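Listed next: structures, encoded as structure tokens.
In the two assemblies presented below, chain A is common to both, partnered first by chain B and then by chain C.
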Partner chain A sequence: MKPTETFYEVMRRQGVTRRSFLKFCSLTATALGLGPSYMSEIAHAMETKPRTPVIWLHGLECTCCSESFIRSAHPLVKDVVLSMISLDYDDTLMASAGHQAEAALQDTIERYKGNYILAVEGNPPLNEDGMFCIIGGKPFVDQLRHAAENAKAVISWGSCASHGCVQAARPNPTQATPVHKVITDKPIIKVPGCPPIAEVMTGVITYMLTFDRLPELDRTGRPKMFYSQRIHDKCYRRPHFDAGQFVESFDDEGARRGYCLYKVGCKGPTTYNACSTVRWNEGTSFPIQAGHGCIGCSEDGFWDKGSWYARLQNIQQFGIEANADKIGATVAAGVGGAVAVHAAISALKRAQIKRQSVAENEENV
Partner chain B sequence: MTDIVDAESLSPKRAQAHALPGATHQTSVYVYEAPVRLWHWINAAAILVLALTGFFIGRPLPTMPGEASANFLMGYIRFTHFTAGYILAIGFLFRFYWSFVGNFHAKQLFRLPLNDPEWRKEVLFELRWYLFLEKRPKKYVGHNPLAQVAMFIFMTLGLTFMIVTGFALYAEGSQRGSWQDMLFGWVIPLVGQSYDVHTLHRLGMWFILTFIIIHIYVAIREDIMSRQSIVSTMISGDRTFKDDDPD
Partner chain C sequence: MTEDTRRIIAGPFNRVEGDLEIRLDIAGGEVRSAYVNSPLFRGFEQILEGKDPRDALTIVPRICGICSISQSVAASRALAAAQGILPPPNGERAAAIVHAAENIADHLTHFHIFFMADFARAVYANEPWHSEVVEKFKAKGGTLVGEALNARSEFLHIMGILAGKWPHTLSLQPGGVTKAPDQRDRIRLLAIIRQFRAWAETSIFADTLEHVLEIDSVDALRAWHARDAGRGSLRLFLTISDALGLDRMGPGPGRFMSYGAYPVDGAPLFPAGVWENGVIAPLDTSLIVEDLASSWMLGQPAHPFEGRTWPDEAMADGYSWCKAPRLGGETAEVGAFARMLISGHPLAAQLLHAGAANVRARVVGRLFEIAATVVAMERWVSEIIPGETFIARGRMPESARATGLIEAARGSLGHWLVIEQGRIASYQIIAPTTWNFSPRDALGTPGPVEQALRGARVLPGETTPVSVQHIVRSFDPCMVCTVH
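The block that comes next holds the complex of A and B.
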């Protein structure tokens, strides 16, 4: 078996010039927030290190993560990173199918035991023994467990794998379950978003392949470099928020002037993602720039929090939908009413006692 | 028991009952020390400011005219909210400290004598009094036992909840690595995500506003109907009794 190729060799074989290669390295260093000095380090790693194989599994999902990934801004990323990893196993993108594909998966697992990265797009449904998602005649959850057994690390692509997303929304009939609740003995990197930003996905993979270690993760397992700030913190409409200038409805003057979308339900202040800095489609735009509020797609359970156009979320108890202000105002009004009634009874009682004592006094006299 | 005048609260200067002119003789006991009273009113003012500004952070005021650079309304509202929040949090910490060094009544807010069967009976007695099932209220130097339970649930637990969730939300703005994030950053992952914490914090506001309705009503009602002073006690610190009957 010939030694595994390096990234650089793969790139050159694909017709990438050295100049383009170095541009990719510097761009990646910048995207990861590493500073210019790391550019040569990335280049060196790519030239010398054997590439790390990646297995890409698909559970219950819509393939939006893959769609996002192959639209990564820098053409090199799709040419190089994608072709490198799809060589091993990605049932959506690979050429082989059927038994051939499953054999390729098995082959990769055995050849690179303990060395490959498992990237999971979508999640396994656990209800009915996992029968709601069948891959190669077997429940997806079995394939996931099997592939994870010998993986070095697991990447949870998108909100499906990280949180459950739409298929895990109330009432979640298939019991779709995020990856970290099924695989508990491996380091898991969550890259939430529906889909995640392409540059974030390639950034995470490049970091792991180059430095041979996991990126720094926050408390919930998301890479700090992309998920440590809210959309709100870096939003270009933030000055309008601080000034108190809001879009009240989508066809008003405020909307035309590009005011803050907070009042029409923007979830930017509660959403951790890199959209307001990295943006989408080669840095062209992102939802708020297009005039629509953030829907909070990279946050846990964003389908179940009520309208995308309301600021206060729905609280569903006993099948009744309400928000915090409705519940609070109802309770306060109820208590206020009870207080009024109680006060009235107290006054009556007091008057009654007074009459009695007056009567008693008169009797005594 | 709380209805017995304990030695601690009877400082020699204060022990002398003020003989007020009038038919009935009134006794007075020094109950709430100056720091407790001061905390009560600062806390009340902070809650008022926090609820008002908090309400308008969740539901902002109508749009300001002019350039963004000429306005900072939301910024000022949030600044006021955060400042009042700090005042409330520091005050609460001080009040907790005072429960160790203050007099007997200063401890009531933080410690419920749940193991005392006599106290539990008194809670039920007070419940009956508020349900008009008892004709004659009892005398209490400090909080009556039912009031103490309410204070503990609404204030001690309620304020703790608001301080913890409040600082967790504040940490979002002060960014990862700030001391707020180090101390309270665990709250958001514990609850699920930031949006839920915002919702809980807003429900907490209504919880405390509900308490305020009850608190003000009961304070005034008991001032009229019970056998001791209530409202003036939180101003002067002295509790006066309207009669000299025992119990």
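The block that comes next holds the complex of A and C.
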């Protein structure tokens, strides 16, 4: 494969038709909240830009991020994204084995020096010189440093890479450490969640590959397009919260009626993620819809904040929360009515509406 | 060392869940001895100690993103036993459905993505079936790879409906499930399963599930294969198996164990037991001991209620983070084929060669299990009664000793929980791959895979012997579960 191949050429080679390609471009534009006019810009970028290679490494992890990624919602998006990034090195999916695979990794690093994106699933354990995660006879932390050295940017997939996740829970036996504490000289984009939602993963990577730049990040390094609202803001059980109707235990009448899960420990009011809008398993549902509170898996430290079944203490009950993130609050106020109507609002629409609201807010200021 | 006598490290293995390395001593063109190393350790058992017992429901599934539901089911079973409660009939069925969905999804991934791709290797370029395998199963590019991923995604909508999200659901609770499906959900579940059945009956079996399950002997299997050799992935596999002698490759220990899978109304779909020399005996889990002779772990061999998991940071005296579980001092092979054998399916015993399982038996066992499980799922869905309770309430005791023994896709998964003063005092986990990929014990007895690799053919100059790939993958290792 010659390095100058464009995304479009790669897709054509993989059997993606022109029609599907254009459909993909328009879907991408809406998914990223850019509006249909961006479609031609995306198409142009993909026809002219050389393909950006992606190296996908696995450290201390459980593979749930890969598992989520391969089930992205739109079959077209999935096919195209997979052929687009073509995972130059990924040890879960690739064909070769053992030494050949190690050689393939080294080859990709050298061939695309300074031009590839490093996607990391899992994190390095630092205790005992990293010996709790040994890959190819060497600690994973060495492989990570080596691969990051010549990367253009790093994606931290999931809560392990972004924050540490449950393997870093007290007493953190292996000293599992998030990627940004080890790699400090590269742009890092965090995509937390255990795992992250498939459409969020494909959305982030598509944006980076298409525009060759990082999406806009919040102050903790998460892409704003997916992490600027709380689960609570768009939760379909929110009216029950506002009406003071709560589930007291999983077998009570309130549970059967689908009341708010706040009293059985729901962390939706303090968790920034897209679960209540994008939903899971191809938009089918999300934990609250299946009767269990949110555990806040995309928030830093969610594993050591006390019981998942204890109710949150620091939120106010009615109206707009005083301690809410300022932008989050104004956005929620701006689109609140629309949300109630579109209970099953899609990721695409959500991002679009939010973006428009932000723009409106900015104009008003 | 000469070319004839050498030592190689096979690994890191790709297309397995997690990290795996195997050291092979080779002489006379075959593997003389194998040493399996699980090089990833996270310390979940230490993390669980001192926590609220209910927190296990969130922590434990994160051992593995592939067998996440299995871990949740085992934890919820252990907590239910501690509380002395049983889920209501609806709850049992809902839990069985999500658990079965994950197990089937794992079998699909194994066959289509991890296992078959090795037959597309150049070493088989002269075989008459090679071009078909390349077209269908080549890693990342094969037509059936994409097709199976899609079928799997759509099948996993079941998780959306019943479990809220997957991987890592929260809906499975000790007393049942938090999601009470209504009539509409029931119909959607049935539609998803039927759609999956239609795909499996076309792509994998090229026959109805019921016909496949009626195949009761190797002769009947041969006749079924010969009748329509060009259609369906199972028949393609049988063609390859005949050509390469997979029915003799990778003999395991000849002792099989199952904890029993999917208990509904007091009877599991696949029963518990131990199979040895043609005899199925009841399972006595008090005979389980974890040996540490070859593990980088501190302590003495012990039953999981007594044992602990303390890593030896000096990494002295051993070659793996994996402990060596033994049943009455002996190794046992676990997995779909063990379940098939112990459930008494007449074909299973005939798939053995010289009393041991082999690559063909393990793969056929998995595909047959897909068929049997889909049929059972349809039944469970139809037996759900919307409006009736799905969860029973329990009270967490101040102290308890309880087990959660279940069957994951890859075999027997056990959680041993000790609660003292309302907190977790000890939580020990033995995963299926811990059984299959265990290192040598104090007597020097190799684990099932180490044994299965003995005698594997190695071609001159091969650095990642293809026979080793087939044998290792026939067990479908899940290394992230193994050590946790």
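Just so we're on the same page, the second predicted complex is superposed on the first by the 302 of 365 C-alpha atoms of A that agree within 3 Å, B and C clash if a C-alpha of one lies under 4 Å from a C-alpha of the other, contacts with A are read in each partner's own complex, and residues count from 1 in each chain.
To be clear about the criterion, a residue touches a chain if its C-beta (ideal position, glycine included) is under 8 Å from a C-beta of that chain, and two chains touch if they have at least 3 such contacts.
Bear in mind that the values here come from a model prediction, so they are computed numbers and not experimental data.
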Partner chain(s) touched by A:Glu299 [first = chain B, second = chain C, both, neither]: first
Touched partner set for A:Lys113, first chain B, second chain C, both or neither: neither
A:Ala290 touches, of chain B and chain C: first, second, both or neither? second
Of chain B and chain C, the chain that contacts the larger number of chain A residues: C
Touched partner set for A:Arg230, first chain B, second chain C, both or neither: first
Partner chain in contact with A:Arg219 - chain B first, chain C second, else both or neither: first
Partner chain in contact with A:Arg13 - chain B first, chain C second, else both or neither: neither
First (chain B), second (chain C), both or neither touched by A:His44: neither
Parts of chain B lying in touch with chain A, wherever the complex brings them together: 58-64, 68-75, 77, 130, 132, 135, 172-173, 175-176, 185-186, 188-189, 192-196, 198-199, 202-203, 205-207, 209-210, 213-214, 217, 221, 224-225
Complex contacts: residues of chain A adjacent to chain C: 58, 60-68, 70-71, 75, 78-79, 82, 86-87, 91-102, 125, 127-128, 131-137, 165-167, 169-174, 176, 194-195, 249-251, 255-256, 275, 279-293, 295, 297, 303, 307-309
In the complex with chain B, residue positions of chain A that touch it: 218-220, 224, 228-230, 233, 239-246, 248, 254, 259, 262-263, 267, 269-272, 296, 299-302, 305, 311-313, 315, 323-325, 327-329, 331-332, 335-336, 339, 342-343, 345-346, 349-350, 353
Residue ranges of chain C touching chain A (in the complex, touch as defined): 9-15, 17-19, 21, 39-44, 46-47, 52, 54-55, 57-59, 62-66, 68, 113, 117, 120, 138-140, 146, 149-150, 152-154, 156-157, 159-171, 173, 175, 177-180, 311, 313, 315, 321, 389, 391-393, 463-464, 469, 480
